[in-house]
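As written, the chain order gives the labels A, B and C, with residue 1 at the start of each chain.
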Amino acid sequence: MKFSRPYTIKEIAELIGSAFIGDPSLEVTGLNEIHRVVSGDIVFSDHPKYYRKSLESEATVVLINNKDVDIPEGKGVIVCDEPFTAFNQLIEHFSPLRLPTSMIGSQARVGEGTTIYPGAFLADDVVIGKDCRIYPGVVILAGTRIGDRVIIQPNAVIGSLGFYYKKREERFERLLSGGGVRIEDDVEIGSACTIDRGVTDYTIIGRGTVIDNQVQIGHDTQIGKKCLFASQVGIAGCVNIGDEVTLWGQVGVTSGITIGDKAVVLAQSGISKSLAGGKTYFGYPAEEARKKYREMASIRVLPEIIEHLQLDM
Amino acid sequence: MKFSRPYTIKEIAELIGSAFIGDPSLEVTGLNEIHRVVSGDIVFSDHPKYYRKSLESEATVVLINNKDVDIPEGKGVIVCDEPFTAFNQLIEHFSPLRLPTSMIGSQARVGEGTTIYPGAFLADDVVIGKDCRIYPGVVILAGTRIGDRVIIQPNAVIGSLGFYYKKREERFERLLSGGGVRIEDDVEIGSACTIDRGVTDYTIIGRGTVIDNQVQIGHDTQIGKKCLFASQVGIAGCVNIGDEVTLWGQVGVTSGITIGDKAVVLAQSGISKSLAGGKTYFGYPAEEARKKYREMASIRVLPEIIEHLQLDM
Amino acid sequence: MKFSRPYTIKEIAELIGSAFIGDPSLEVTGLNEIHRVVSGDIVFSDHPKYYRKSLESEATVVLINNKDVDIPEGKGVIVCDEPFTAFNQLIEHFSPLRLPTSMIGSQARVGEGTTIYPGAFLADDVVIGKDCRIYPGVVILAGTRIGDRVIIQPNAVIGSLGFYYKKREERFERLLSGGGVRIEDDVEIGSACTIDRGVTDYTIIGRGTVIDNQVQIGHDTQIGKKCLFASQVGIAGCVNIGDEVTLWGQVGVTSGITIGDKAVVLAQSGISKSLAGGKTYFGYPAEEARKKYREMASIRVLPEIIEHLQLDM
């Protein structure tokens, strides 16, 4: 998330009522969750295990719950008991919840030749390109940018809130969603798909990717060009998928991993770790298909083997 | 389902045109399906295999297709050829289908600070607490009670009809849905989730539970507090889930079972029998993860073993 | 797809600006994709591997990218560089996209006793029978025919575009959807289900079939009578399912296969090839359940066997 102007660390610290360490005139230009952080960003870190990663990231300022950390040259920290909550305060400040009063936001921008069917909902800041078709029941929430010639079929949801919580004693505290969804040209999205917005950055569906019905895509996941995802695929948050990747029906993808260009994953597989591109995968956990096929053939003869061995166990 | 006043067994029998056995002044105060029956209830039983269970349950009156059963002291039976159909007649009588004429039912009650986005549907008797957000395309049907600070994301469906049929020669006969859904405080429900109402009682989502997109929860399932369900989890009807249970993506749960507090079930697992709390489970059928991991490691070496044994089969 | 009157091969060739071979007065009465082709139809074929299949099918005219094929007696071909694209041109011509301007199409026909809830969308040419209930958020697109006593629960989508593409160098080219969905009497469809229309013919849900929430059914799939599909089942396109077939939760079915009458497939199974009727199946790939159970029992003892063998590998 980019701010409308640069802010000093002093201004930000005052906004959330916290002390800071560093040059008071140190400037920040946005905020991001650690997966997407760039120079000029504020990030948060609330566990000693991740202090170093945050301080050594591209972030310029870290919200942190420890004042005795080594701060790299040219950076600063804002010290607060609950960095997660403080980060939420900033998201709320810079991206306040706006309550819509009509199905089509009065400031939503829709390109020439684009059809918005009756019964679709567009939040106020949504931008849609040319020659798109947005079917009935589609809900497009804040922070969504859509290219040209995009088809979104009925009852798909674009830009819902990410499933990202901190478990507190009393309840789960939600990380607010200040990011968006970017859908590039020529993308087609099936009925009843759900695509969550990024928490601070964009969830991205690359140019020409086609997605069947009931597919789930988590927050901050970035998908390359010309991918094909069959029905009921579920992709968690913070996943990076290359170009021309094929995921067949009901495949599940865990969070934070990477799938290389032109990988093909067969139906119902479960992807629990990163996969190199250009190969075909299968099973749970998904591995190269020929290896899995060999295992499956072995299992098939296993009952006979056991009988044959007449093991005295 | 509770009646607005007590009825005598005689009144109920007349309503459905059937004979009864027992004290004509015996009073009933509601009706329930066998999973949820309490004292004062009417229940139905149409198979000799379940006669005893019904007669010895908490129910006060049993709709039954056999007049020669032993009736416990203080109870009564209503004798009819088709108890299932008679039960449906009573649900229809006491909870008649009401056809809405507007997106927001004129008698729906919504608490202070709650936002109902444009494009959401609320049935007439829905009650929603304070500071909730109900996003566009959410459909909330009859019999739903929602607490405070609840978030329901776009296109989720709350209170749809349970998937509960009796297979007849000619067709499936649906058990009507006279129950509801109770969503407690601080629950968050993802986009395109579907939560069926109870057939006579409540489907319950306990306080502080958070549910990702495209999760299915069947009729009469009761879920504890502070659970976390990832995307595309499917939970059948009549399931009992404790507190702080975690189900990862695409897990499936069969009907009628129990999952103990703090159980964790890994992605894509299939739960086919009850699970004790406090442990981590995996696979189909879901078993303790370390056991399953050991099996998976064995399968991995199986092709080599078979080669090594050079079995002459 | 049937035309409103017969057309000559000459007229069709002129429509798409292509040459033809055959009797200029040869008449066609409709068009179909190869899975559904009948006499009088135009079909397309763009790969030498399938030339023969198309030419020897029931089709009367084949759009083809080769002028040197043997044309059976009484048939004709239209020669064009891109038969897929030419076929799309014809679909577009004979079934032009009509943009709706209201939630209920002005020419949609709805039978007596049928309730259309507020928030449902009906395309202009939709026909619905008597005593149906169409819940809020249901989207019914062009080409849908619905019988009597049908229930469609909230946010289900009927008639969305099929997931059928040709992969081009630059992008996926969609095969347009000129077909429809036929839902027979007494069918019940759960919340958030998605049923794609046929590309040229009907996707069919047979009489009395009941479908739970979040079920996906692909284009041109034809389902028999009195089937029962539990929640989150995913069925690809061009599948043929018999009568009284039961698919339990989260089952996946690959495209183009056949499942026989009264087959039962247990939860989470993956069906990758045709299944004979009357049996119970399980696993991935789905096979007879008793065989799979035996394999599962073997896997369970595998770790002990490996230990017992003390293999020196």
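What we mean here is this: a residue touches a chain if its C-beta (ideal position, glycine included) is under 8 Å from a C-beta of that chain, and two chains touch if they have at least 3 such contacts.
Model, not experiment: these values are computed from the prediction.
In terms of which chains touch, the assembly is arranged so that all chains touch all other chains.
To fit its Cα atoms onto subunit C, subunit A must turn through 120 degrees, a value rounded to the nearest 5. By the residue-number overlap criterion, the interface of subunit A with subunit B counts as different, with under half of its numbers used by both chains. In terms of their C-alpha centroids, the spacing between subunit A and subunit B amounts to 32 Å. Multi-chain contact residues of subunit A (touching two or more other chains) are listed as 119, 137, 155, 192, 214, 232, 250, 268, 299, 302. Looking at the complex, you find that subunit C touches subunit A at residues 99-103, 119, 121, 137, 139, 141, 155, 157, 160-161, 163, 165, 170-172, 174, 192, 194, 196, 214, 216, 218, 232, 234, 236, 250, 252, 254, 268, 270, 272, 284, 294-295, 297-299, 301-302, 304-305, 308. Per the touch definition, subunit B reaches subunit A in the complex via residues 115, 117-119, 135-137, 151, 153-155, 186, 188, 190-192, 208, 210, 212-214, 226, 228, 230-232, 249-250, 267-268, 299-300, 302-303, 305-306, 309, 311, 313.
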